[in-house]
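Chain lettering (A, B, C and D) follows the sequence in which the chains are written, and residue indices restart at 1 in each chain.
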Amino acid sequence: MAKLYFRYGAMNSGKSTGLLQAAYNYEERGQRVLLAKPRIDTKGATQIESRLGMTREVDFLLGPDDDPRALLAEARGDTGAGVACLLVDEAQFLTAEQVDQLFRVAVDDDIPVLAYGIRNDFLTHAFPGSARLLAIAHTLEELKTICRCGRKAVFNGRRIGDDFVFDGEQVAIDGAGDELVTTYESLCGHCYLEESGGRLG
Amino acid sequence: MAKLYFRYGAMNSGKSTGLLQAAYNYEERGQRVLLAKPRIDTKGATQIESRLGMTREVDFLLGPDDDPRALLAEARGDTGAGVACLLVDEAQFLTAEQVDQLFRVAVDDDIPVLAYGIRNDFLTHAFPGSARLLAIAHTLEELKTICRCGRKAVFNGRRIGDDFVFDGEQVAIDGAGDELVTTYESLCGHCYLEESGGRLG
Amino acid sequence: MAKLYFRYGAMNSGKSTGLLQAAYNYEERGQRVLLAKPRIDTKGATQIESRLGMTREVDFLLGPDDDPRALLAEARGDTGAGVACLLVDEAQFLTAEQVDQLFRVAVDDDIPVLAYGIRNDFLTHAFPGSARLLAIAHTLEELKTICRCGRKAVFNGRRIGDDFVFDGEQVAIDGAGDELVTTYESLCGHCYLEESGGRLG
Amino acid sequence: MAKLYFRYGAMNSGKSTGLLQAAYNYEERGQRVLLAKPRIDTKGATQIESRLGMTREVDFLLGPDDDPRALLAEARGDTGAGVACLLVDEAQFLTAEQVDQLFRVAVDDDIPVLAYGIRNDFLTHAFPGSARLLAIAHTLEELKTICRCGRKAVFNGRRIGDDFVFDGEQVAIDGAGDELVTTYESLCGHCYLEESGGRLG
């Protein structure tokens, strides 16, 4: 039986690179994969972009009301050709219902699903997609990156201009939509609490 | 810097045994540990009980409004003797605020915290304590057990008498409080969906 | 397809407890397990003993020339009743050939094998069974314990009386066979190198 | 205290990509890394090459008699500038002594070492560097890839031309040195045993 995997990590932990490598590994073996991501991510429009410079088109985008299982069937086409794996980037932006459908893709349709995403937002709360993936995914695997202090990063601080901020909407895509540029910095617990003045959540 | 660990698993995956073994390992090295659990668990009152037959008194119980960091300081006493580790059983019943305090015990007080708990309830939703632990714990480690079919269990089905039920309160301690006895069965995704008629969450 | 798991750890990391808990979990589900260990271990004769106080008889002992696959078939008996899992304690003392047979039990006979053992000896060399398990097991899982300094233990220092020693046979069962008692202490890399004067291997 | 990590996987599991991503993550944080690999690998000469198309020069090559700790000190230079991480590719080709020195770099010099490598050769034996890393590394992390059948690959079959071969030197770099081209295929235990006629090791 196939499984739903959640490969989570702080920002800039190499999630998109990992996804593109996994896709490459399958295709090198002559196996077909499909790539998807939520529509909310406006960074790459229809592309998955790795900071190392690789990009690739997704096979389908998921709007908040879309059913990934139906879109998978559609993308798969009439040929009946098998799909060896579904790879989902930015999975933190999925809805809980979409995660449930990914679980059914794995369990009922026997297609492994690799979902890559950020675990928690700039206030340390789990994103909706991540919360559901953390609750039900068959396997949780961490992709690690470091804080500026060298410890493992577990949080994602938000900056507007130079300053860390601890108010605002959950989603503010980095580099977009503000007069001052919004950026994120992966932080360990110690450095996050230092910047937030002890605030957590 | 110390870490907050969440060792999660389906029911009957050996969580209490693992906790008691970890406590034993520390004490064998001459190091002091403290044990705690939420008050909501009425099974063992003030004890941590392993299905293998071992039991041990907790050092403090956590009511829903209690601050684990304050109770830890109190239990630690005036001696100034160090605490090498705080071990928390049934961590799924903690509040989000209590988990945040456990995170501060690890990061600010430099005492490792090992929290053991169930990931999701009989309807596949994360428990409050588990949801927060999954969102912020430094390390997530799975304790595995099997479904009746031999696959890894990820869910916890609830039975009243012989029948699986999919309505009711989140917390119904097994073996307690009903005319018909309430029990739980660890299930894989496939067997859970079969029993629930496809319902998830 | 079943897998061969190697659950390794320093001495006193709770390996036998973990094995007995895994056996309990299977049997609680009505599934049959078989327990085995190499004959070289004279500590418990035909028993698996946990430091927490639990003991259990093995189903068969493995002499250096015994084939675990044949002994498994024999222990299984004529009934044709399935075996859900083979659990092997002290797996560091297996021969490479015996590990290969355990691999075939998993892959060819489709019976999961959980092998528990110590990774390296008092001179930091892998034991024969561990070396082969580390090379081919499907899944490597670490059971953690701590050094006296609080760090994770990775080595096993040998003492005769009060002194650490760095010469001698690979196997000297603790508490046996010397005028002065032989004991072991789980150590982190730092403390090991301190005791050994920088010697490694 | 820093650690020695062994990130192992079958061929084509994305080891070099993972290494280059880890280097990128450090440097993005303004931290300096050094890259090294054994000289035996003639594929990329002084480069680390990812199948996804990225390449990067190593800071130093390790001949069989070279001491990685001395070369690290040399590459580090007189500036006294810190090195946040040493990244080693093709670590299976290290000698046991070189692995011991990497352990000392982590423990004594407090510089984390990430060693990436293949676990076992075409006959399922551990490579010398892998054997020592599996025996002493602080943390073992698997990089997964799939077999042609969809299962996880654990072995590396060697082909000369179209045929799998089970005799020959341990090291025969793929695509080099034979009239017929030597290639490798990552295989699960089941497919390996099928190709080898049951031979293991």
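Methods note: contacts are C-beta pairs under 8 Å (C-beta built on N, C-alpha and C of every residue); 3 or more make two chains touch, one makes a residue touch a chain.
Protein names from UniProt, one per chain: A, B, C, D = Thymidine kinase.
These numbers were taken from a predicted model, which means no experiment stands behind them.
When the partners of subunit C (Thymidine kinase) are compared with those of subunit D (Thymidine kinase), no chain appears in both lists. Between the Cα centres of subunit A (Thymidine kinase) and subunit B (Thymidine kinase) there is a gap of 27 Å.
Per-chain CA centroids place subunit A (Thymidine kinase) at a distance of 39 Å from subunit C (Thymidine kinase). Taken pair by pair, the chains that touch are A-B, A-D, B-C, C-D.
Listed in rising order, the residues of subunit C (Thymidine kinase) touching subunit B (Thymidine kinase) in the complex are 12-14, 17-18, 20-22, 24-26, 28-31, 51-54, 84, 145-148, 150.
Of all residues in subunit D (Thymidine kinase), those touching subunit C (Thymidine kinase) in their complex are 1, 96, 100, 103-104, 106-108, 119-120, 124-126, 130-132, 134-136, 138-140, 142, 151-152, 154-155, 188-190, 193, 198, 200-201.
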